[in-house]
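Several structures are given next for inspection.
One chain, chain A, appears in both complexes that follow, with chain B as partner in the first and chain C in the second.
The block that comes next holds the complex of A and B.
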């Protein structure tokens, strides 16, 4: 009888305390994350997901000892220690599916905001849905310049866009002709002035093609071929033939993962001999691409994060080590930007102190995150609120890296900006 | 007059089918007021869109037996006409819809005339080629936005019936449901029409049909143009629903194949086939993706399962799901 009474008392106590405990327990803040987790860009999706998850784990206090503000709060301090919960969705590179998933996240899952979507074409439709419903969306990794030219009130982008990156490329090429590149004597401009570009033909790639054409003209380079191709194409031999026929000194690419790999394999099979190969990040910055081994040595890629950045930023080294523990390889441009995107969400929520969309909107428009908090080598994050690029981070910056072989391993070394170059550039490319 | 009477004459259909159809219609009419998630609503809209695509495909592919794998080009023409007229000339949806239909039908005559000189696989390959060529042209044509496509801006306050711009999806659902019912009634009339019978005769044996005085070439062109009108109308709707179109989205080979697949899997050549196909494949694709697509370590599993189920149905009954229904019915009669 006594046991029954004790049991009943404990049960009663538990019943009475349960609601109070539930009430005092930190709330969850749901962020919808839409990435390409399957399809041609699945490799990128895996990196993006891991980057966002790592940032959430750090923000939620699951990984102690990281030297950044969000790691010290164990949740969103201004919201009573509420934890970040990520709800992942796979858009498969399909803009219509992305829009449907955005509606689901907003209306069914009641997310506070959205992070995504990598493909600029999907970001375009998803941000249009977010705009219609007045839900904040932070974009960390879509680089089509048009995205921040639409005057949207609920869309913010942390990454620099392709106009900046393409300008970096032409600054680099000009620097090459002026002897500014570490380890390379000035190359006469006429030896590198003939260019050929092949870009995948969705929103992102077609924009890169436009930017390349525009900057080539501005910087006095000759664009002998400017090809658009389908990233899902199973054969790129006719595109590569056209590139080779243009006899360029430099071949420029905007490719997703599977097509970037196919492009290099096809260049090799056709024994292409350009002096420079440059890729606009994306596929050129993925572990699967690096797995091509010696075939990628000497290739340039723009990025916002290279492992050699860790030599300059101890914080980047700390986070990179955690990422290696999680994934078995270094952070790359995609994962570092996904990390930064989610980190921006955490800072914004902290500043807003509320999950009300209007408060978040205000926080986004006024926030400044210093560069010392970030893993990417940017001055910081501050979104433009006027002019023709509303919602664009104005403190970002890009890098150009080159694959080099060090100790039997293929690594990316910084070659641009010139003042932070970490190795001598290999020039010219030995060709295939 | 007889054509209208035929269109509303469902008396030749089995009673069981009519009861199921009536219940399904009641469900569709009431769906927006029943408890549902927004994802379910988006899936229902996709279902109605693919039903209409499939109904169009079925006219030429099912009743006519001409496997058309290039329907996406007409989706694109409808979508781009509406978007361009809306963006550049501020033309409301209801005016741009018939313009899109007319352009698509004209294009179908231009394409159809030489294409129907071909037969069987050659015809199927030619439809793929024409669709891909048109897509390639659109991808490099700056006037239509090139590969980046077009984005339709919001026109004033929502809901906007003139420009078909709504915040809540149930408006789109009812507009599409109305189009679906018109389409269904048209297909029913088509079944009983002279052209419908001629097409079925051509499908069974083209030489015999010709010997009976049927102009097979002209019949196919007419059916192809009618099928085109269906998909172009949905294309126009798609532009307004999605606010954004690009060639990869509305003119891709994937879309053409999906349209044909749904109709074939449901049962080509039957009135309900494309609807059954869409009712199975659209929710399956959406919910498998939602269930498995975002789960860690399960990337791509939804697509594997989706493919496996399609292969299973095709292996059990090559005539599609409606073929299974007919086989069961025949067995019961015996």
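The block that comes next holds the complex of A and C.
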């Protein structure tokens, strides 16, 4: 009889405790997302936010029928189906504000981790806060090489960085002189060897300028002018005058949206005639920039995502269709990478099976996400844990696109990598 | 050497044009300060509203952006009057600091209203008489239509304001108010009305500048700050409240920011490889503010300032 009583008591206890144990797994997982939702880069911020939101909706099972693992789980399976909740904060492109917001997210909102921040300068301060509090941060779209050179233990970056992208540019220019570019006969190298660059002077642009200078030397190009300019400048005519005076075959830029628009307008009004204009993504990849219409036709921009990627990757096409439904236009470099950044968070949480920072850290350092899961044309995601680039995804890759006019609409066509080019390149630029 | 001479000529032209644009933006600020001793922090937001006025009304009315300028004058003047009667009038009763923070608050209010209504993306005008047009003078010097038009408008505005202040009865009343408001009141001048007039003129002149600038510059709610920082330096450099000073200081600043290409050309001429790494372009506004500080130290009232 006594045994029966004990058995009954234990059984009762188990029945009572079992739901309690299930309840102890969180119902929702808060991720702090810090983006520039207002200010000069707000256009980018809007894309980033939409990308992250779409990924969260898919991961939470709100959108059925997407052919990726996280879409099939409806929440984080290893955490009892907990849903992802994004808490957005606006850093306005201000590193100090970003750091304050990160502190608030960690201390007040008690977020499990952070995603952001687009501007490398802001990512730098925010990741320093995350590092101090031991909260994991995944960065999807800041490309200053320095960010992963600091040996941080709580910072991981999915996007390839400017060093890779700038190398792509020089591979492309070399290819141009060897006749590898689709639709263009080999151009003698001395005709395209003179370059001039203008980069905005924050964390991101200054590093792009350094990368351009070092690769120009390595690949045997002449950098006739390498200008750093104050971003959000009311006037860029003095910079443009110096660029034109350097008589370059190619002009290279690293600019955010309003600067990029003003730069192209000033180049046009000063009747610049370079053979090639190349932009390091950012401002050169935004709908407001494309709205310049005929003036952007022929301009190159590096990117991690172009709508024509959907021709090669059906999954990207599927997600792109959903994005068009949400925003009315295609995914771009910003939104596709924000999507991938949040997707990485979902995979990491799934692998960690816990919201404990240590478990997440371990999951980040050991995870491998295959390329077939991603919308971006990468081999996959796997973070480096040793060497001089701690936390950098080593399986990423870049694209170079060119604005071309198809059926009265300005679209981006892939011109690099050469083997996946989607159109003949326009060369040289017709000039303004 | 020839390249250097050409570059100097180009920079002079470009600097003069940009300088007149800066002067135009600073004009309203100096008028308001001259009459009332109030620094209008919301000045850039008036500019932004002028830009949006043209951006929105031009397609709505189906006319060229340039033809909406009279509307900008109207919007700017009404806005100035509204701000004066709705806010500034009350601030005048408080200490100086209340006036400072009052216009600062106005700036934040207008900017955030613009964010709410217009969104934060930069927007541009796609077509118009001035849009994307420029013409070459001689073989090398290019004149940009929008800047040229703004420069002409700047000269005209300064002449009109100068005439208004120095040649009309209203102008004398304005001057009297700015010299000694209490004395002016004893003489039967309605200083209240003079203050309101200053705000209307200040608002109208900067809004019309905005309406013209949007033919070239992209507009977003934060655009005012780019120009007001320069406008403050212009007004301080020229002398607080001095119309002539703002004109001259604007041109000086325009020329200073066009020094870098001359420097680059000079380095190319003398082939000074070692000096090329100097980031002179990113320092161009630093040079402006450095000269501003220097003037403040040597001559606190500014180049043409008469208020002590």
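The rule we apply is simple: the second predicted complex is superposed on the first by the 406 of 432 C-alpha atoms of A that agree within 3 Å, B and C clash if a C-alpha of one lies under 4 Å from a C-alpha of the other, contacts with A are read in each partner's own complex, and residues count from 1 in each chain.
What we mean here is this: contacts are C-beta pairs under 8 Å (C-beta built on N, C-alpha and C of every residue); 3 or more make two chains touch, one makes a residue touch a chain.
The model shown is predicted, which means the values in this text are computed figures rather than measured ones.
Asker: Putting chain B and chain C onto chain A via the overlay, clash or fit?
Answerer: In the arrangement built by aligning on chain A, the partners chain C and chain B clash.
Asker: Considering only the touch criterion stated at the top, classify A:100 as touching first (chain B), second (chain C), both, or neither.
Answerer: first
Asker: Is A:293 touching anything from chain B or chain C once the two structures are fitted on A? First, second, both or neither.
Answerer: A:293 contacts chain C only, not chain B.
Asker: Who does A:225 touch here: chain B (first), chain C (second), both, or neither?
Answerer: second
Asker: Can A:88 be said to touch chain B (first), chain C (second), both, or neither?
Answerer: Only chain B; A:88 stays clear of chain C.
Asker: Examine A:121 and indicate which partner it touches, taking first as chain B and second as chain C; both and neither are also allowed.
Answerer: Once the two structures are laid over each other on A, A:121 reaches chain B alone.
Asker: Figure out whether A:359 sits in contact with chain B (first) or chain C (second), or with both, or with neither.
Answerer: In the superposed model, A:359 contacts neither chain B nor chain C.
Asker: Return first, second, both or neither, reflecting whether A:237 touches chain B, chain C, both chains, or no partner chain.
Answerer: The second partner, chain C, only.
Asker: Which of the two partners, first being chain B and second being chain C, lies in contact with A:38: first, second, both, or neither?
Answerer: A:38 contacts both chain B and chain C.
Asker: In the overlay, answer first, second, both or neither for which of chain B and chain C A:258 touches.
Answerer: A:258 contacts chain C only, not chain B.
Asker: So which bits of chain A does chain B touch that chain C touches too?
Answerer: In chain A, residues 37-38, 42, 45-46, 201, 228, 230 are touched by chain B and also by chain C.
Asker: Which chain C residues qualify as touching chain A in the complex?
Answerer: Residues of chain C touching chain A: 3, 7, 10-11, 14, 18, 115, 119-124, 126, 132-134, 136, 142, 144-146, 216-218, 220-223, 225-227, 230, 257-261, 264-265, 268, 279, 281-282, 284-285.
Asker: With touch defined as at the start, can you tell me which chain A residues reach chain C in the complex?
Answerer: Within the complex, chain A touches chain C at residues 37-40, 42-43, 45-46, 198, 201, 225, 227-230, 232-235, 237-239, 241-242, 245-246, 257-258, 261-262, 265-266, 268-271, 287-288, 291-293, 295.
Asker: Under the definition above, what is the set of chain A residues touching chain B in their complex?
Answerer: Going by the criterion above, the answer is residues 37-38, 42, 45-46, 49, 87-90, 92, 94-97, 99-101, 103-104, 106-108, 121, 124-125, 128, 132-133, 144, 146, 150, 201-203, 205-207, 228, 230.
Asker: Show which residues of chain B lie in contact with chain A when the two form their complex.
Answerer: Against chain A, the touching part of chain B is residues 37-39, 42-43, 46, 139-140, 146-149, 151, 154, 158, 167, 169, 242-244, 246, 248-249, 286, 289-290, 293-296, 299-300, 302-303.
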